[in-house]
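In the two complexes that follow, chain A is the common piece, with chain B as its partner first and chain C second.
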Partner chain A sequence: MTDILQILILGLALGGVIALMGSGLSLVFGVMRIVNLAHPSLIICGAYVSYWAFKLWGLDPIVTLPIAALIMAAIGVLLYRLMFESQAKSARYSEMTVLLTFALAMIVEGFLGAAFTNTQRVTSPDYATDAFFIGSLFIPKGQLYAGCVSLAIIGALTLFLNYSRLGYAIRATTQNREAAELLGVNVNLISMIAFAIGIGLAGAAGSLVSFVFSFFPAKQWEWIAMLMSVVVLGGMGSVLGTVVAALLLSVIAAFVGAWVGATWSTMTFFLALFVILLIRPQGLFGEKPELA
Partner chain B sequence: MSELLQVTNITAGYGDGPAILDGARLTVEPGKVHCIIGPNGAGKSTLLKAICGMLTIRKGDVVFKGERLNGLRPDQILRKGICFVPQERALFPKMTVRENLRMGGYVLSDTKLRDRRIDEILERFPVLRERADQHAGTMSGGQQQTLAMARTLIVKPDIVMLDEPSLGLAPKVVQEMFDIMKMMSQEGVTVLLVEQNALMGLKNSDWGVVLDLGRTLFEGPAEAVLADPRIQELYLGGRKVA
Partner chain C sequence: MAVNLQQADASSVLEARRIHNQKLARQHDQTRATWFPLAVLGVLLALPLLQLTGNYNYLLHLVLFTASYAVMASGWNIIGGFAGYISLGHAVFFAIGGYFSGMLLARYGISTLLTAPLAGLVAAICGYLVGLITLKVRGPSFIISSIALLMIARILFDHWGFIGGANGMSLPVTDLPVLTAKLPYYYAFVLMAAFTVWATYRIKHSKFGLGLRALSKDEVKAESAGINTRFYKVLAFALSAFFVGMSGAVWGEYLTYLRPNIFLIILVSANLVLMCILGGKGTIAGPVVGAILIVAFNEIFVATLGASEINILATGFVMVLGLMFFPNGVIGTLARKGKLPRVLNWD
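Up next is the complex of A and B:
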């Protein structure tokens, strides 16, 4: 019983971080139909920001999280203007973004590799290797803090999307782009803001990831599959779905890791992706695809 | 005659594609219901899309209250006072009726005014009031169309343009939609609608505009258009009639 509870706690804490990693991806797809394969590489950029801030100046990654988020959001604005704005009216927009962001992922990886080498890095504030003990249960502080901060950020994002004027405009653009435009929403500007928020979330996730996982530029390939399965299970574009899917898959992966073997743990996500696409391609919270 | 909107000989099409409209013209007078009719592919919907800024106007002019609208974005044209409800009704299916109305007032910076107008609309349309917290996507076609039309009233527009509001609705419900349009025009909102069913559209309108192959054939008072032999020819392929 204690074992099960222990695995559940570890799974949920990691799930929180994965939820934050996926939420930006989901938001960007939901609003702009951009399948952002470069999302994990941008998370890694955020991780480097917090890593170097800690290494050089001893700044806590949770403290530098807003800075990483802002830097990445600014990069998001640049990327949007450079890569996506002019393509917005293309009939094959989504397909094109897959290729564009794939190229971006390679470029970012190459750039990071050249700048920081492919050495495994991890930010090591004191709490990253510490834990709380409750009876025979142990809760790693790093994962707990990262999970809680992640869920708090997602909570704030949800409040923002549901209650602010900008949030209304973003949701409206997600649900019906043309209608939003006809009601006076400047959909190009909203798309750019939503993209910047999405990439900002990648930066924030990066700060937390930097002390939860070890990372290096090529780590993105493992994460893209993991995040894709989370976003697909959640229903492409649904932030709530992403959170539920991340927690669910992460807990399952934790159990698989404990009972079947650690090597099989990451496989959980890939297997889940196949199974979801076969059985429920619209995911948990997504809409059924319309018949063309 | 004091026209509110004047469209003169415009040419427009989708993207780089061929011109769908070529020589379309239109006169809109304040406070009346105007109906654009014409066979399939005449460019009726395209004309509304060109007016509201969804399509680039290649030639000709759209002049509203003495001001040229060519080249403005849809959100800018909305702020001038022209609201467009496209064929698909343009609702947000996963937002509630109230949230949809709130989006209808997106351009209003005074949120108190917006909320007051939302309350007024819910007061006037009991069918919406009863469903205020229901997702728009779960309502019937008639209810959705009612919401789409009512939503335009939040910004108190000068002109409301409706693209086939009767599409997919039962005949009884269609009449309700025309009644709402009549009510809107009585309150001073000018209505410009596209209607596939020419007879019904004209019967419920003051002014008729006949479009064919992207050109305006003629326009005039609805009864006169209805009685015009050219209509018979257009719809019934008519030398037999003539």
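Up next is the complex of A and C:
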């Protein structure tokens, strides 16, 4: 019984981080219909920001989180301007943007690999290796803090989307681009802002990831499939769905990892992706089969 | 009587249309320079004669490398170019072909040159089964599922002890002297490339190819026009896996070792996509031109910069530029402007 509870706690704590990693992806898809394959590589960028800030100046990753988020958001604006704005009129928009983000992922991976080499890195603040003990239960502080911070950020994001004028505009653009434009929403500007927020979330997730997982530039391919399964299960474009799916899948993965073998815990995500695409391509919270 | 008259009219219309189509085909044939690909093939087949005058192994290696990529890119073109399903998981079939033939070579000593078609067949069967599942979705979903396929295969290959796991396994090294060591593989790849180009030409100009092009434009309309889209696209996927697997089989023996981090990396898939896009998706000459461009480009980068990270960076960069400014590729852009030289018009 304690075993099960223990695995559940570890799974939920990781699930919180994965939810934050996926939420930016989901937001960008919702507003712009871009499947951003470069998202994990940008998360790794954010992780490097926090890693070097910790390594050089001893700054705590949670403290540098807003900085990483801001830097990445600025990069997001730049990327939007350079790459995606001109694609809006493209006939094969969805495929073109997927390929573009794929190429972008390779650029980022190559750049990070050339600059920082492909060695495994992990930020190690004191709490990363520490843990709380409640009875026989063991809760690693790093994962707990990361999970709590990311759920707080997602909470703030939900409040922003639901209760601010800008949030209304973003949700309106998600629901129906043309109608939003007719009602006076500057769709292009909203897309840019949403894209920047999405990439900013990637930066924020990166700071947390930097002490939860070990990372290196080529790790992104594993994360792409993992995040995609989370986002597709949640229903692309739905932030709430992403959170639910992330918690669900990471708990399942934790059980698989504990009972079957650590290798197969990542496999859970990939197989889940196949099963979801097969049975319910619109995901749990998706309204219509957007991608099918 | 009236009915007969109408029937007569109908058949004469059909007859006239058939004659008209034949005339168009003949005109089209006249604009095509069939001699050019054949001449290239002849030159390539004669190229090893250079070995009589000195050691040109590097040149042979480059041609062989290009030919192997031309086979794979042309194979990818069947599903990615004709049917419009972008797959980023084709490295899986490369690995399946390589491992299947490589294992036969390692266990029973049968050369992969003989088992390559069989390896292609195995890859095609795997492709058929995978396609039955993943081709249910299209667009971005399909691309994502193909990446997931690659990740799943990587985990399986990394942990399957029988085929050497993550360390892979080495294959026997050829005992031919240096000057002729590359020749069997050279001829295998050049002939395979010629066969693949011919096969993709035949596929594109068959009813099957027409169906693929129809479903790439609009799947629902294609379906309502009586095309069995499900079967067509799954078959296209299997066919493309066949060529990729065949190339992988010989490539394994040429490299003399099999390892997941050589065969099962996304860079292999990315290169196939990149070649087809740069050369021109959905054209016959496109993948070949793309393969030549990418190999030349790779050689320049590896020779001047070396590191594989820079290579990844440069590949991504070329891909972005190609997608943004040449979405139709070399052949497509030239053809659209009506400036495609006759020698490159293989369609």
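Just so it is clear, the second predicted complex is superposed on the first by the 289 of 292 C-alpha atoms of A that agree within 3 Å, B and C clash if a C-alpha of one lies under 4 Å from a C-alpha of the other, contacts with A are read in each partner's own complex, and residues count from 1 in each chain.
Assume contacts are C-beta pairs under 8 Å (C-beta built on N, C-alpha and C of every residue); 3 or more make two chains touch, one makes a residue touch a chain.
This is a predicted model, so every value here is computed, not measured.
Trainee: Record, for the superposition on chain A, whether partners chain B and chain C clash or fit.
Mentor: fit
Trainee: In this superposition, which partner touches a larger number of chain A residues, chain B or chain C?
Mentor: Comparing chain B with chain C, the partner touching more chain A residues is C.
Trainee: Once the structures are superposed on A, label A:197 by its partner contacts, choosing first (chain B), second (chain C), both or neither.
Mentor: Once the two structures are laid over each other on A, A:197 reaches no partner at all.
Trainee: May I ask you to decide whether A:273 touches chain B, chain C, both, or neither, giving the answer as first, second, both or neither?
Mentor: A:273 contacts chain C only, not chain B.
Trainee: Give one of first, second, both or neither to describe whether A:14 is in contact with chain B, with chain C, with both, or with none.
Mentor: It touches nothing on chain B or chain C.
Trainee: Considering only the touch criterion stated at the top, classify A:154 as touching first (chain B), second (chain C), both, or neither.
Mentor: neither
Trainee: Contacts for A:98 in the overlay, against chain B (first) and chain C (second): which applies, first, second, both or neither?
Mentor: second
Trainee: For A:144, using the defined touch cut-off, is the partner it touches chain B, chain C, both, or neither? Pick first, second, both or neither.
Mentor: Neither partner.
Trainee: Taking the superposed arrangement, what is the smallest distance in Å from a C-alpha atom of chain B to one of chain C?
Mentor: Minimum over all C-alpha pairs: 16 Å.
Trainee: In the complex of these two chains, what residues of chain C are touching chain A?
Mentor: 84, 86, 88, 133-134, 136-141, 143-145, 147-152, 155, 159, 266-267, 270, 273, 277, 307-317, 319-320, 323-324, 327
Trainee: Help me check something: in the complex, which residues belonging to chain B touch chain A?
Mentor: Residues in contact with chain A: 15, 52, 54, 73-75, 78-79, 83-86, 90-95, 99, 102-104, 106-107, 151, 155.
Trainee: Please name which positions on chain A make contact with chain B in the complex.
Mentor: Contacts found on chain A: 89, 165, 168-169, 171-172, 175-176, 178-186.
Trainee: Would you mind writing out the residues of chain A in touch with chain C in their complex?
Mentor: 35, 37, 83, 86-87, 90, 94-96, 98-100, 102-111, 113-114, 118, 217, 221-222, 224-225, 228-229, 232, 263-264, 266-267, 270-271, 273-274, 277-278, 281, 291-292
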